[in-house]
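Before anything else, here is the set of structures, which you'll find just below.
The two complexes that follow have chain A in common; it is paired with chain B in the first and with chain C in the second.
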Partner chain A sequence: MIEKESSRGTEKKGENMISVENLSHYYTQNQVFAVKNVSFQVEKGEIFGFLGPSGAGKSTTQGVLTGLLPLQQGRVRVAGHDLSHPKRTMFNKIGVSFEQSNVYGKLTARENLDFYAKLFDVPTMKTMDLLEMVGLDKVADKKAGTFSKGMKHRLTFVRSMINKPEMWFLDEPTTGLDPAIGSQIKDIIRQENEKGATVFLTTHNMQVADELCDRVAFIIDGEIKLIDSPRNLKLQFGQQMVVVDHLVQGQRKTEQFSLIMDEDKTRLNQLIQTGQIQMMHTKEATLEEIFIKVTGRGLE
Partner chain B sequence: MAEKTFQKLWITFLKDLKLSFNGIYFYIEVGMAVIFTLVMVFVVPENFDSSQTFHVVLDAEPAYQSFLRNLFESEDLGQIQFHDDRHALHQAMEADRSSVGVVLSMDAQGLQYNLVLQGYESPRMRTLLKTLIEGELLSQTPGWSGTTDTRVLEPDSERLTDRAHVLPIYLTVNVGLMGLFIIAAYIFLDKDEGVIKAFAVAPVHIWQYLASKLCIMLIIGLGSSLLVVFALVGRQAHYGLLLGATVAFNLFGSTLGLFIASFFDTMVKAMGALYLAVMVLMIASVSYFMPSFNPLWIRIFPSYPMLFSFRELLLSNGNAWYVLQNIGFFLILSGVLFGLSVHRFKRSITV
Partner chain C sequence: MKRIAAIVGRDIRSGIRDWLIVYLSIAPFIIALILRSLIPGVGDSLLSVVVLDQNPLVSSLEQVARVELVSDLESLEQRVLRMDDVFGIVYTRGAYELVVQGNESEHSLGMLETLMARLTNPSSSVPVDIQFSDLGWEMSPLKLYGGIMLMLFTTVFGGMFIVLNLVDEKMHKTLRALNVSPLSRVELVIGKGMLGFLLPLVGCLGAAWIMGFSGIHLGMFFVTLLSIATISIIIGFSIGVMNDEPISAVASMKMVMLPVLLSVFGAMYLADNWHWVLFWSPFYWAYLSMNGILLQQADWFLVLRNSGFILGLTVLVFMGLRKKIVNGLE
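Up next, the complex of A and B:
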């Protein structure tokens, strides 16, 4: 289904890194199902996006998959481990980054990572290399408690890759970061994926999902509405649009035309023949627009 | 494998130690130990009553009188004033409400004594006076037959100085029971910061996380117990037993704190239960101050064996077997509580 060149070429395709069958989860505090009868598979080497608006159940799903929340209903396998009989050693293969950053405020960035690295039984990455990757090398010896939100988030993010995880869970990895750092994070995710990491990425940022993910699942109110690759979704649901910049009595005007609707096609034809066109290009529907179309709901 | 297991515990412990040096609880505990020691050394006299005035009426033949007078004066009883009759003694005692009096009289049965008290004296104080008079004065007196009706509340001939007498209370509260609050606070701090989740997705066990906290509490407990005991009684205590008792009772307090904390998700919610537990646990201290009051039901509160174990190990000929038994018992109890806490936290700590 997914064709991608990477170092994992030797591994057989179709092997599942995550397999979820009929997973439901409720919080006893409010007796409400946050995740309802969800099933999906994530293949080895894939970047799988879990998209949905706030409160959809994304973090809850990640919580169950990472063993932080108990498995109540359904069957879940992660990195070859059945979560109904979890083993602590499975975390040598897993990395988890959290939506809310959680580092020891009273330890420095370096101490945070040094401590964490020692908890693993597998080779780990060098602390300074990690800090450098996200631009925290200059504040390595500052207490994390003095960091800004974004800095703590970056520290939480690099900590999750310290054991070079085969299965990497990322909950909102770019949220709240400025665009430059956000794109740095995206690059890191891409690189690690190329080295063979399978990524489960939770976000409500469609652009990030569009750029990174091989496949995305749309989740709303605890239910998965659809799973497919961004490209297929665009072909299936996206209307091709043509954006035209033209001059009307000396003033520049920008207009969009659908290539499906007859009315728009006629109007576009007229413009090409009689108007003063300066620039013209086609535009794909965004994943966000498709999401709204499929689910009838926005992402914020 | 086992080596790796303990290595991870050690690493976690070092991290927790660093954190506790950076946090407030460590300093609260050390501060309490220092303040307690300073108060005991500089404010509280070795024995509370040493500056008390002793009013004495000697109602005996003149020959005998001078003998008794000499005897009283030779003993180190603080200030002594002799009076001619009971009336004068009462007046003197009314003028000085902190003083005590004794009337000695000689009759056909021999020497008799009457204590004259202000009325507020503790049972302990009364026993002390009796022991003083009977033990140190009258036993040396010819004609003393020891027939006076005396109820001996503490059969030990040996007793602690008043300063040392307070020590078991301090040790029980600070070494044993304060741990309930502090360890719970540490757990909830980690929960708040979310770091517990990061720990939960690393290849470590929840018991390692909890055991590391126990070790921190042990360090704090041992430090403050040894410091205070050494400062107050010097080499008089049995340090081997002190070490054992501190470890066992401290573990008990910490594991009980863990167990209680496992039922709650914030410190605020857990506070009531922790406070109640400490209060209930301390009920037996009543018995410590009123030794005659020790019904069976009060002896089952953990503070009873804790207090009396600490007391025994401060006595130079204390009952070591009693202390050892309690150390064993509390270690087993701690083990059980720890097992239960691990079991409970496994499901609830990251939820």
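Up next, the complex of A and C:
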């Protein structure tokens, strides 16, 4: 974050695109607090990752931030608008891509985008340019209903950037896409961010978060456990992983040990004293491993 | 405005790719055509006359009109009284008497008068005495009740159009995308309601024209259609937002058909002193207006009073369902 921030100039520093204070959200249907007393800020120009396992409350948070869910408790400002008095015009500055793709099946890809573009008061991007970006230009005139899941997802994704949003919400933008297209999407996100878009990225894919995000928030059971840059997190936790290759009854086995967790330390000690170690090295932890370490939980 | 047009344009585009919606839009015309073919004489442009078989002019008449022969005066009158445009011609005391029912088009009547003048008086020297005997104004029940039902159901189906459209949006979660655009709630409701409003209007006008209700008062017709359309649209929106898939939506829609049918048949068959049991139903008031309008007997007082009742009941329904509708659009 530190490097990127400085390269982007100073005028953006300190300005918040999103400011959330003590946000809670309750679903009456099943009487759960999906989000509990969450607070965070997203700076202008930043890519902010919202990470957590299924059911953590990511989509709920994005729902409140995009006005799709009512603001029940807490204060939320997005792109200069107070969400307790939402105005429709604020959506000229906002783009939202959904976890579940939602396009009109009876319209073609082109018609879907042309229609959506007409809803905005600001200049919009050219339909064919958008379709080309995600490799849908060849099927521009096919009905979206005939598309595969991944194609619909890509259409939903490019639709969200049609108004060149200043504030771009992306819920699982790469989930379910094959790796090549996934990395294309990542490139688009990076490019738009370089042009000035602030990105709120929801995902449970740590690698995407690691590659793209300036800062990440770990959310579990509706609560934020930590917010920091992937780099800081790795500095803090990464050096303390030890990978050991050793032989167990003639078979090679690889194990990882954390140097801050007591049971790992004891186990490593044992191994050094009694095991047949072939190789030992320290390793930078992946964001996923750090997540598990911090929250005590996996991402699935 | 631009956004409302975009919504309507999208609905049309999507609608014409959906056979059910296409069918709903053309159904009134098809049904009107079927009814017309069942009602003798409706829209028949050829002049039809009925004469007694001893009439000396039969052969000349046959060259210009469809001629039916009857043996006595009574059956001639009965024939005239049937629901189509047939004129009776009786030769009495050296003059031709035209027997008309009163619902024949003036155009045909004028034509017949000219014709008779020519036939009976080629040299124009002998004056022709034409008399009218008005046997009472009556319309074929099939034409009248078929017409009323068709108008009411066409308008109710406008609500159906909204239901299907909204359910489709909900099923594919596309409403959410609209809700994160600058499109306002009001624009959304107007845009989504527009076709449910316009299609029945066009359908009813077309049906009225096809069925030969050309003399009706268009102003009263529109006011009545608008008021029924309003309640149909509100019903459409509420069913649309409360259902996430078409099967259950259609089931709810069927439940709405029940009071419509009940009101129409009730109004047709109940004795006048029992009509109060139908006062709760907006479709009853709609029936009364439509009945008067198609018979060309309605006046503005009746139409406005009934529309007032319809709108009043609509407001009540709307108050009850407003929250559900607004929440459902989220």
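The working rule: the second predicted complex is superposed on the first by the 245 of 300 C-alpha atoms of A that agree within 3 Å, B and C clash if a C-alpha of one lies under 4 Å from a C-alpha of the other, contacts with A are read in each partner's own complex, and residues count from 1 in each chain.
Following the convention adopted for this analysis, a contact is a pair of C-beta atoms (placed from the backbone, for glycine too) under 8 Å apart; a residue touches a chain by one contact, two chains touch by 3 or more.
Keep in mind the model is a prediction, meaning the values are calculated, not measured.
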Exercise. Here chain A is shared; do chain B and chain C fit on it together or clash?
Worked result: clash
For this session: Mind working out whether A:I94 is in touch with chain B, chain C, both or neither, as first, second, both or neither?
Result: both
Exercise. Touching A:L119 in the superposition: chain B (first), chain C (second), both, neither?
Worked result: both
Exercise. Regarding the shared-chain residue A:V103, is it in contact with chain B (first), chain C (second), both, or neither?
Worked result: both
For this session: In the overlay, answer first, second, both or neither for which of chain B and chain C A:Q236 touches.
Result: neither
For this session: Quick one: from 56-64, 74-82 or 110-118, give me the piece of chain B that collides with chain C in the overlay.
Result: 74-82
Seminar exercise, completed: Intersected contact list for chain A, partners chain B and chain C 66-68, 70, 88-89, 91-92, 94, 96, 98, 100, 102-107, 111, 115-116, 118-121, 156, 159
Exercise. Taking the complex as given, what residues does chain C use to touch chain A?
Worked result: 2-3, 5-6, 9-10, 13-14, 17-18, 172-174, 176-184, 330
For this session: Would you tell me which residues of chain B are touching chain A in their complex?
Result: 4, 7-8, 11-12, 15, 18-19, 22-23, 193-195, 197-205, 347, 350-351
For this session: Would you pull the chain A residues touching chain B in the complex into a rising list?
Result: 63, 66-70, 88-92, 94, 96, 98, 100-107, 111, 115-116, 118-121, 156, 159
For this session: Within their complex, state which residues of chain A touch chain C.
Result: 66-68, 70, 88-89, 91-92, 94, 96, 98, 100, 102-107, 111, 115-116, 118-121, 143, 156, 159
